[in-house]
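Going by the order they are written in, the chains are A, B, C and D; count residues from 1 in each one.
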Amino acid sequence: MTTQDETSAATLDADRVQGHGYTANKEAYLRRLKRIEGQVRGIARMVDEDKYCIDILTQVSAVTKALHAVSLGLVEEHIGHCVVGAASEPDPDLRAEAIDVKVKEAADAIGRLLR
Amino acid sequence: MTTQDETSAATLDADRVQGHGYTANKEAYLRRLKRIEGQVRGIARMVDEDKYCIDILTQVSAVTKALHAVSLGLVEEHIGHCVVGAASEPDPDLRAEAIDVKVKEAADAIGRLLR
Amino acid sequence: MTTQDETSAATLDADRVQGHGYTANKEAYLRRLKRIEGQVRGIARMVDEDKYCIDILTQVSAVTKALHAVSLGLVEEHIGHCVVGAASEPDPDLRAEAIDVKVKEAADAIGRLLR
Amino acid sequence: MTTQDETSAATLDADRVQGHGYTANKEAYLRRLKRIEGQVRGIARMVDEDKYCIDILTQVSAVTKALHAVSLGLVEEHIGHCVVGAASEPDPDLRAEAIDVKVKEAADAIGRLLR
């Protein structure tokens, strides 16, 4: 997890003061992930009980969709919080660098989601 | 899970005799799903510990990828087992119907994965 | 569905004589691809006219979706034609090998679509 | 194209002054789209010449990938330009509203790409 270490001091300070973008919705994320965990366990049960492959695939698609929704929420909060936070850095030089880092991180993360 | 109920008697018989396509790899699927379940739990832990959103997104992408691999395995086995099984039905009328059902099921499942 | 009765010993021969799974819908595929080509040209025009990036993205998503639909049609016809054709091969040894080849091809193609 | 109409006057002003995020790379985008258009035409040719379905699917996957790369570039430039532009709006009230609009637009666009 070197990503965080690479971010400029300015944005790290901002993060420290404000928490992460998803912090406000932390409980909602934990609930969603708990539900996804249960869905994965349900798929294992279906395999164990020799359920029909197509029905298992339907459940796998549902979990993938639920994970996409979680990703999208995190990306939105990264943009609205980390990118915008970087753009609010008062020192112009630090700001330009911080924006570059945060936008690049967002684009890389979205690229990984698309693959 | 009405899908199975809709399948013709012929293919259900074939399924009963031969087991599902994934049955031979059942233990491997259960291990993979166990690992995915653990990964989802790990993501919840990251959220709970306020880890950096981009690092969480990286883990979510990894789980999505692992689920895609499971899906692909199930689709491959559905094609190699259920579609091929339907094509081996001796009665030509039942065969044509069984093939149609199984190919349609495969295409629908793949369509759901692509969305 | 006469596919199975029509396939001959060597599925390659069958392909040569009967054309591919998508041949029956060839005109429809050509029309869809023509439309997609026009959509791509439309996106280039939007870029050229400095249209808003989000509106361009919406169009790119529409083209991606249209390509997915084409892919799905081709996969369905590959399964219903090439895989089923392989399963109809009378020689059991050739049949097993032909099925393996066609199922593997289908799974690889679907895997590329998912990535 | 109501999206643009919905954007606040503040961000529209910013857009007017700075051009769109992708403007600097306009020629590169036009070249890439030209190449994608040619690839789509190549796929139509393959269908017309009854090429093997799997080879056509490989080409469709390549075009989808190329479109994803274009999308990702546009998203990155939207974030680095439009979102950051909104965050630079001096009036705090206009700024908060402009950020909300731009972040929401980005998330919606990414969501459409993921589907």
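The rule is simple: a contact is a pair of C-beta atoms (placed from the backbone, for glycine too) under 8 Å apart; a residue touches a chain by one contact, two chains touch by 3 or more.
Not measured: the values here are computed from a predicted model.
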So the chain most remote from subunit A by C-alpha centre is C
Cα centre of subunit A to Cα centre of subunit C, whole Å, reads 33
Taking the mean of the C-alpha atoms as each chain's centre, how many Å separate subunit C from subunit D? 26
Rounded to the nearest Å, the gap separating the Cα centres of subunit B and subunit C is 21
In subunit B, the residues touching two or more other chains are 68, 71, 75, 106, 113, 115
If every chain is a node and every touching pair an edge, decide which shape results: line, ring, star, complete or other. ring
Inside the complex, what are the residues of subunit C that reach subunit D? 15, 19-23, 26, 29-30, 33-34, 36-37, 40-41, 43-44, 47-48, 50-58, 60-61, 63-65, 67-68, 70-71, 74-75, 77-78, 81-82, 105-106, 108-109, 112-113, 115
In their shared complex, subunit C is touched by residues of subunit B numbered 68, 71-72, 75-76, 79-80, 83-84, 87-88, 92, 95-96, 99-100, 103-104, 106-107, 110-111, 113-114
